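Going by the order they are written in, the chains are A, B, C and D; count residues from 1 in each one.
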């Protein structure tokens, strides 16, 4: 294994998880900023004498490459990696959307539009089958994973029409040294941001749910698409890790708590990392684990259907999911090196 | 002035605010737990040699009494205070709802049902006129104040039908030593609670907005009532002070950002403590101030109308509002001793 | 009054405090970054329609100017301001040390060395007398204020030889967008920094205490100096405001708790903002107030003398102290516009 | 393995660590409060259908028993467990001190004084040899582990005379629902507590270092004792996990940074969980790991010797250390199931 972009939070978590992975070897990791320096120059928590390699070295030595880079770089690097016979797991948004959709939401031209049809969408709960043979995986992020898994059973059932999605995220979701994330400005503060239909993850959520609506499960990345229209209202919460989505679902038909519980229990019965909770999910319950806790709720008083879903944005919402995809790609047991138990307190 | 229940957060804030109030004198404060002890036994932040008095002493000496007590006690004390010619500002829920509604949501019998018709609802932005002559004021709390002010313009306009209200609250809203609020369980955690139409403040929000729907503004506490049906979904956020409500409003008619802005600007044009912000409200912007920051938003992509409102739950959501009501009751300038500027960072 | 550098934390606090000051008028505030923009572009918590002015405009309109600038700029601006007949309160380190000492610890050449002898050191508890007539005040910062006041009674008594000072500071002490203060890196983290005798505030602490040792109280800024040798070990604590110093004092003679209590009570008996606490000081007890809480402790088991001191680094450790100095310079009551009561919780 | 007292933080961490341990099986865990209830009633982070057993069941089924109980209970249970042929790892203070010392510092009579001479002190870095055959291990806590490891090289070298130890601890050190640890009282607050030579862990620190002084390393629990006199000044820091000790050591002889570095590097060269860092230790660097980061520092300006040590109080300071002791007792590789890599951010 190799990691390109190993000094950001995604890269750091990948190092931590892969070092404890019995079935693979981490042969190199690179960071433009820390090239040639010891791991400790970027990471106080990792005890290793290794040095950051160059991108070239990582590409040469590894057979599977994780790209943990800002949007726009993976689409430059991936063609070359694939040509050299490597398999790629990309943590950015570059291969998650059709190039034309990508360009309109991300505002940058796509440099490898042809590769989109090659990419498998890396959400194991929906695309497990496709992931086995994948050469290129587009690993989804935290908000999209939580929202998709929160609504997937209703979409696959064919009753989902739209949703009002309130996203609540810890600060690490903005990346290391993320804009506007200074402690004194964030602590004892809570704020919405990028509201009004402007967040880039909206088309990805709508497409994930639209595919389920059109195809049921299992889902093919490039299969047909139904229409689900979401409002997504993200907020920044004064904590480091964890996201929670609180969703009001617009659904057809008459529901009850019992019917919702059965639908969700059945849909996720075989999933190793999705738990339908009795209590309401809380982010700390998933801390440092690869689990998603989900709870559907029928409010008799108003007839509304709500869903709550919590996960650790750096594990199931990022690096853990990438390792889960790796396990599936390599035919290893899916749960290898991925904790189901969280850290408390 | 006197404060009964001065060792809780509401009482502590009242002491702080009243000590800086040039127009009134704080003659006594009581706490069953700290009776006879110095103020410093309960409050490290207050520099005062005063002792906690008995309830009797406070009732005797003060002409206006603030009751900062758990629900159920104010309805025992108030009849006596009024008989002795005192005026009462009650921070609990005891006089905010008709006795029969109170009993069904709070699960305790009401001991002074007759006084409800005497009580004026203490939300100055809607009831300013009534408050001048009030003997008994039912001071509303943080969630209700934020939600009511977020939706009041739409209700008064007659177009509000319902709402999905996501409440996000700091921990101090649960009171001093509130259940489940230990640091190690709350920090780096985020969770919904009391969802599914069970939160006691729902009927109060619905009645406030229903009165506006039926009466327009100004609102009479005991006037006619229209119907507004809310879902209220509160969450606990790892911070001490501050609440934010993120509201999806169900409204009639076609709206635009411009129309919403005008409606809100007009409605609150004369208000000393309500600011319609350009940027999205954040809780820290109102920290330690008596301000509410409100922002309506029209989402063109989905046609949804949203409103965001932030305030400090212990000031405008509690003790500051009580002092604002005091100023109105006594005919003092409404802004006296109430900061409009927040503390940052 | 005018403020130059009004978009940093010191400037923001000065605006908040001066707006509530009945005896002065804030006629202008400038920020290079926000010039011509509304106050809200920098400060979500301030409700004001005012615009950031240019430095020239502030210098022209104000008779007293607060300089809230990074080190090195005040020594450029001050000569001009004084020539134009303004009085200056400088919040930076530029006039706190003799030019040659400044140059060796700050590593930059001093541009107005002659003005040092004009500057009065702005610690009211020691220099009250001098401050009345001052044209130029060098306002000390948080660590120095806390450490000096923690040890002043022992120094003035002539028994202090040295100290091991552990400084514990919230993040706002590093300034707005301070290096290394991103939330995800700071929260759930605690670390020492700049240890080993390298922190710039060491010579200032040693000189303050050395002057007391040589002169007793009251102290003259430019009077004789005794020798006190400190180790200063600062730490970054995951909170926004507040500093605590925990000090082990090397003292001559035999001490007891009683003797220490009496010495400290007597020394600070007339001080409006210093409280000798019975309980151990905690930073939250001074939050948003101009108070310092101090507690000396004799440990019988080892014979050691310790002192604890807590204050709000942005108020008594910065802007509040500057306003206290202003009040003294103008002959106004010293406590004007300065809260003695903290914010809790 | 069995855990008695599995609903506190020590117990929860033990469950998490032992579930990932390939060499042992967790056969039962008990909690008086949660008896017969599912694990999820106490722990939102653990995904397991198991039920809390009774103490009897755990004692019967397990061959090694972890006691994660409040002080005073282990000394009641241990005799019985040993009689039944179990081996015991006790996380409380009951067997860490000679009964007469225990009684004077803990204020309760010791019920199994005879067992003290049987107990091995469970600090692997000093007592590794003894731990192999131990039937009863007294597992030390966070402050003692950090302070002892910070000063051990100086003590073993024979030069340590005393120390001024500033302890800085996250809130979880006070236990689940620890007194005075409510979020709103702790967040944005920092305070010393139990100062003045009153903290129970002082005699344990002094004895650990005294043994090293008298015996060098390896240390025998019941061997001779030299004298080291400490001042210990603990503080509560607004974070959940992590402790840092900042120590001023009183040492004989002349030192330099080079000499200190060599002494510490040599002393800990073979240790799997102690790292002598180049940078200053920070608590987050050890988060969720079993590592201790240590840094000695010679301050040329004053001639003082300081040491900084950081660890995770619930892992190396509690449950991780207990698992390390287990591994040694059972002759398993010492590092099994114990992460050396921390969680960041």
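Here is the rule we use: contacts are C-beta pairs under 8 Å (C-beta built on N, C-alpha and C of every residue); 3 or more make two chains touch, one makes a residue touch a chain.
The chain list, named the UniProt way, goes like this: A, B, C, D = N-acetyl-gamma-glutamyl-phosphate reductase.
Predicted model, so just to flag it, every value in this text is computed and none were measured.
Chemist: Could you quickly compare B-C and A-B and let me know which has more C-beta contacts?
Modeler: Result of the comparison of B-C and A-B: A-B.
Chemist: Taking each chain's centre as the mean of its CA atoms, which one is farthest from the centre of chain B?
Modeler: D
Chemist: Which whole number of Å gives the spacing of the CA centres of chain B and chain D?
Modeler: From the centre of chain B to the centre of chain D is 47 Å.
Chemist: Can you work out the whole-Å distance between the CA centroids of chain B and chain C?
Modeler: One centre to the other, that is 37 Å.
Chemist: What is the distance, in whole Å, between the centres of chain A and chain B, each centre taken as the mean of its C-alpha atoms?
Modeler: 39
Chemist: Residues of chain D that touch two or more other chains: which are they?
Modeler: 9, 170, 172, 176, 184-185, 187-188, 238-241, 282, 284, 287, 345 - these are the residues of chain D that touch more than one other chain.
Chemist: Can you name the residues of chain C that touch chain D in the complex?
Modeler: Counting only chain C, the residues touching chain D are 162, 164, 166, 168, 170, 184-185, 187-193, 195-197, 229-231, 233, 235, 237-242, 244, 246, 248, 280-284, 287, 297, 299-302, 304, 306, 308, 310, 345.
Chemist: Quick one: which bits of chain A touch chain D in the complex? Just the residue numbers, please.
Modeler: That would be residues 9, 12, 15-16, 19-20, 40, 43-47, 172, 176, 187-188, 240-241, 275, 278-279, 282, 284-289, 291, 293, 339-345 of chain A.
Chemist: Which part of chain B faces chain D closely enough to touch in the complex?
Modeler: Of all residues in chain B, those touching chain D are 9, 170-172, 176-178, 181-188, 238-240.
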